[in-house]
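Provided herewith is a single structure, encoded as structure tokens, for subsequent inquiry.
When the chains are written out, they are named A, B, C and D in that same order, and each has its own residue count from 1.
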Amino acid sequence: MSATTRMRVGIAGATGYTGCELVRLLARHDRVTLVGLAHGPGSPDESMSTLFPELAGLCDLPVGDLATLLATPLDAVFLALPHCAAMAAAAQFLARKVRVIDLSADYRLRDARVYAATYATPHQDPANLAHAVYGLCEHYRAQIADARLVANPGCYVTGALLPLLPLLKARLIDPQRLIIDAKSGVSGAGKKVAPGLHFCAINESFKAYSVFTHRHAPEIEQELSVAAGAPVQVVFTPHLLPIQRGILSTMYVESIRPNMSSELAAAYHAAYGNEFFVRVKGADATVELQHVTHTNFCDISWFVRGTQLVITSALDNLMKGAAGQAVQNFNIMTGCAETTGLI
Amino acid sequence: MSATTRMRVGIAGATGYTGCELVRLLARHDRVTLVGLAHGPGSPDESMSTLFPELAGLCDLPVGDLATLLATPLDAVFLALPHCAAMAAAAQFLARKVRVIDLSADYRLRDARVYAATYATPHQDPANLAHAVYGLCEHYRAQIADARLVANPGCYVTGALLPLLPLLKARLIDPQRLIIDAKSGVSGAGKKVAPGLHFCAINESFKAYSVFTHRHAPEIEQELSVAAGAPVQVVFTPHLLPIQRGILSTMYVESIRPNMSSELAAAYHAAYGNEFFVRVKGADATVELQHVTHTNFCDISWFVRGTQLVITSALDNLMKGAAGQAVQNFNIMTGCAETTGLI
Amino acid sequence: MSATTRMRVGIAGATGYTGCELVRLLARHDRVTLVGLAHGPGSPDESMSTLFPELAGLCDLPVGDLATLLATPLDAVFLALPHCAAMAAAAQFLARKVRVIDLSADYRLRDARVYAATYATPHQDPANLAHAVYGLCEHYRAQIADARLVANPGCYVTGALLPLLPLLKARLIDPQRLIIDAKSGVSGAGKKVAPGLHFCAINESFKAYSVFTHRHAPEIEQELSVAAGAPVQVVFTPHLLPIQRGILSTMYVESIRPNMSSELAAAYHAAYGNEFFVRVKGADATVELQHVTHTNFCDISWFVRGTQLVITSALDNLMKGAAGQAVQNFNIMTGCAETTGLI
Amino acid sequence: MSATTRMRVGIAGATGYTGCELVRLLARHDRVTLVGLAHGPGSPDESMSTLFPELAGLCDLPVGDLATLLATPLDAVFLALPHCAAMAAAAQFLARKVRVIDLSADYRLRDARVYAATYATPHQDPANLAHAVYGLCEHYRAQIADARLVANPGCYVTGALLPLLPLLKARLIDPQRLIIDAKSGVSGAGKKVAPGLHFCAINESFKAYSVFTHRHAPEIEQELSVAAGAPVQVVFTPHLLPIQRGILSTMYVESIRPNMSSELAAAYHAAYGNEFFVRVKGADATVELQHVTHTNFCDISWFVRGTQLVITSALDNLMKGAAGQAVQNFNIMTGCAETTGLI
């Protein structure tokens, strides 16, 4: 593909937080022409910049219905739709030979039964599910390059997997003792209008939620189990931070021998030494949300006391946790430099 | 009334921000027994501490419907209901000889035609309106003491009137050039669930709203006109601060002669020198929200350059701007020390 | 003591966050007359309300040096001084027969060697240390009542001990697997002027700090070891929340048998069923900072999956975590109703 | 200059908020190679990404002293130094034929006496001051293109001038009645470590500061006077918002005749209809900080009641109010497309 060719790209579900972030990223992507935006069912047709005055001058495209987007010639489409809605749309785009990056949960869980149990609805598209590639860029890059359908990972999931996978794969930690205490900004909860998301319900407050019941746990466990070579169950506790964006995860893990900090460093550098978007900050380093918000980076550090490990990671839930990683997946799929549109 | 007698008090509309703050204040008021709480129409009956876990141990009363509260023997009732709902309820409590402190707008505007124009609905209770006393404590104390029905002032209104009234009454400023640039925390917008009140719509942002159209302007103008002895029109611009509570008002006014700082000081000390809850901070002093939030104080300062005056005031919209001033009114009405339950 | 007698109380270190909160609480305490305030070494003498305009009208006392306060007749003194400074002052007040509530760390660690190792300085006052009572009100009430010197617990420590002690005492959990992931508002870091406490360094951010090295860990371990009857080591990870006040702790613990939720409930109700300031919210309940800030409550809830327990607690670091608990201790020491000045 | 040539650019004062934002922008500017960074006097030499972990991978250049930067061959330099330090450096770079974009106040005030009165120090470089071009891009584009030295406007100043200049030039408003009520995020106050910038001093608070004394007023007045053709004095009141970035200005102005909204619209469209970075939102439109933060846009709207105008503008103080406008100036000076590196 010539360096000057631009690909025709659409976004379905352009009006949520994630969709809006995708618009912002793709509007300035050198190799992309945004040719169509669709809203979710029941929304009115308006221009993107009417709906989001912040985008005036950056993206003034109309936002129409899904049928119109399906009828538009596209090289690739990003789906930022709710689960269920995403799989209905994905199947139609794939049938039209459009490559799909799906940001919903619909193709993340390989086992349709786990999907049904987690999302309380049967999977509608097992045929495509069988071919979907899990879009954790740094761990599935080769498969992503050839994929027709990429399932972009969950935000909490990315923050847990990037630090834990290299340690599990290198057999440095006990897979039966994994605790993930995660704290997320509010944009991770989406745009729905609910009493619990009122400014005054969140500002100057903090709480845990969905303890033992959050839908990202099975997704985390799926990938950790692959790495561990055996079923893994995690304790995963999400919390709601009174900030706009960012996920900081504090993980409590046990190493197989005491004082393995140098082995950890080696495993991380083997996994991420050549990765642009994963920054291994080292032992005893402070990672903080301010270092990663509005970027596609995930920062990682660790602390060791005997066999006790505390591992911290930080990322922006709308970027590396959603739209940013989706664009990174697109870049891999289309042979663009991986940082295109992301720095 | 003996010092040990407690009065029987009810609250209608106990579940909004203002109602909740009233519960908190009255639950620890030495001279009050809270005997009944009512929610607005359509809400379920539950206990206050189920609805508001923060009140567990402080107030576990049930919240019932208005009819039940009307049937409860009361010495006084606070109405924290929406406008219209308040005047329907007020008339019924007054008919039962219960003294009423109304926190809605229903009895604040003396002219029913202004009410109708401002709130887009005819006034339903002109008979009681004729006898309502405007509850700006420091300016109507004598009338409040004898009132059966007190109209508790608006939050923005209190922040504008307390600094401007003494200057107008003393004829120190031009009544035709009054600009009020006010900034409020989000609790002032109430508890309704709306996209514009989502955490992410407000956090790290700031905007003006209802420019030239806010409903508090006619109320401000009513009281300033009385003080000026002639009709006054103000420019009033409210803004939304990304914080929980507090209103800071910056007022732009012209004095009738240059360099009148000492005359201003004299007027303020005459008006408020003996007032506990209005703190005259003086010329060139900084007033800030942090000094007044969670208190019933209103702080005032001013800056002079020739005839140009910048006057700043700060108060807590839920306290001196609503529930606090309502309790202060109650204290005046019932002969309690004015600070009871407020410090 | 007659109900109308007021005790003469002083505060040393009145100008920090904790001291200021103490002033606010004691200024409205029915049984107290604040008779003297002292600043730390090197500060100028000014009135409390000049230093803190928010206290104007509430406390206008002068803030002088420690020598002046030592010369003032007092029934009790609160020390809100830095560690080391506190023990020098405490000894002098005790020598004058003044009862001391010390909010620093100086008398919390019973073993002077642990103190020396933790605070990098030898203990200066082992004689009084031997008689100090650890002021965790709900667990040491009898000893506190008779104490001359109470060591008020650390803020993080209170948030960890209140939920963990009853479970350890009842032998319901494994004392060798205790993880405390704690998140604190910024006032917990104190008032010092440092780049890391600049508004822009904290706002919209979040991080872990002092992993494996925080000074509150030995204090937590001291009390948990007593309860467990054997030495306990915890994993304790503090985090900095971009809010003013509040500590939420998420604790990861293992029960000795699966599915012990009812045993936990029983242990908590036995420990706190009659306590006003510890609210046992129950299994699967949400505790959040907003429910406890500006109060002396500590809320507790838990979640069970097999032997895995997630326990959450919330308190206000300046109240139950510092000044509030100090006043509660004072109430116990002086026979006041325990809630006096605290609701 | 060929499209593929990159210019050699340096930044002096790279470690403040503005310098850091410049690094971020220039690191991804297609036509720039960052070849040297200097810190202010007295700072240690370290790499940019050690000092700012958020820049790791984006800019790992060393930050050295000014002498080293002066010795580096450069096409242009950005000065993000304190006033006084900037003019000393500027003269040296200009002597080496390096084009200078100065973000300090040193070359903004054309009259050295006004500078001396405002900044309490004599101007040290009147020779270069005489040739400096005021870098308000949309109003001085032609002069900027040829300038050797551009004085980048103040943040508050830009927010006031962009909306007011077109109205004054078109003689639509009274130049003697201009009130600017401005509200800024904390990054505008810079990085200095001071009690007033402690997180807890700002969070959940709000205040006016420097009333009638802020240094940006003479700069605003200079440019408005040019536009009005006569000396103009403004009332300018800055306020501190508890957010990271953004300035919203609410301006109170009088039109020369009533109901001139369409004339305002015409003036704005004449001035900015072809401008990318000034978005004229129209009458009665809401501008808000969230729409402009992290962008180089300035949004403008207005409200009319008779001759009374309320005009609102919003921009990001670190972008259009500082680093963004500086890069825009650089683009104009070097013939780059004006949006290069800014979208």
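Methods note: contacts are C-beta pairs under 8 Å (C-beta built on N, C-alpha and C of every residue); 3 or more make two chains touch, one makes a residue touch a chain.
The structure presented is a predicted model; accordingly, all values stated were derived computationally and were not measured.
*Asks:* Looking at B-D and A-B, which pair shares more C-beta contacts?
*Replies:* When the contacts at B-D and A-B are counted, B-D has more.
*Asks:* What's the farthest chain from subunit B if centres are computed as the mean of the Cα atoms?
*Replies:* Farthest chain from subunit B, going by C-alpha centroids: A.
*Asks:* Averaged over CA atoms, how far is the centre of subunit A from the centre of subunit B? Could you give it in whole Å?
*Replies:* 47
*Asks:* Roughly how far is subunit B from subunit C, centre to centre by C-alpha average, rounded to an integer in Å?
*Replies:* Going by mean C-alpha positions, subunit B sits 36 Å from subunit C.
*Asks:* Centre to centre, by mean C-alpha position, how many angstrom separate subunit B and subunit D?
*Replies:* A distance of 40 Å separates the two centres.
*Asks:* Where in subunit D do residues touch two or more other chains at once?
*Replies:* In subunit D, 201, 204, 242-244, 286, 290 touch at least two other chains.
*Asks:* Which of the residues in subunit A end up touching subunit C in this complex?
*Replies:* That would be residues 179, 181, 183, 201, 204-209, 211-212, 235, 237, 239, 241-244, 246, 248, 250, 252, 284, 286-290, 293, 303, 305, 308, 310, 312, 314 of subunit A.
*Asks:* Show which residues of subunit C lie in contact with subunit B when the two form their complex.
*Replies:* 28, 53-54, 56-58, 204, 276, 279, 281, 285-286, 290-292, 294-295, 297, 299, 343
*Asks:* Applying the document's contact rule, which stretches of subunit A touch subunit B when the two form their complex?
*Replies:* Touching subunit B from subunit A are residues 17, 186-187, 191, 193-195, 197-204, 242-244.
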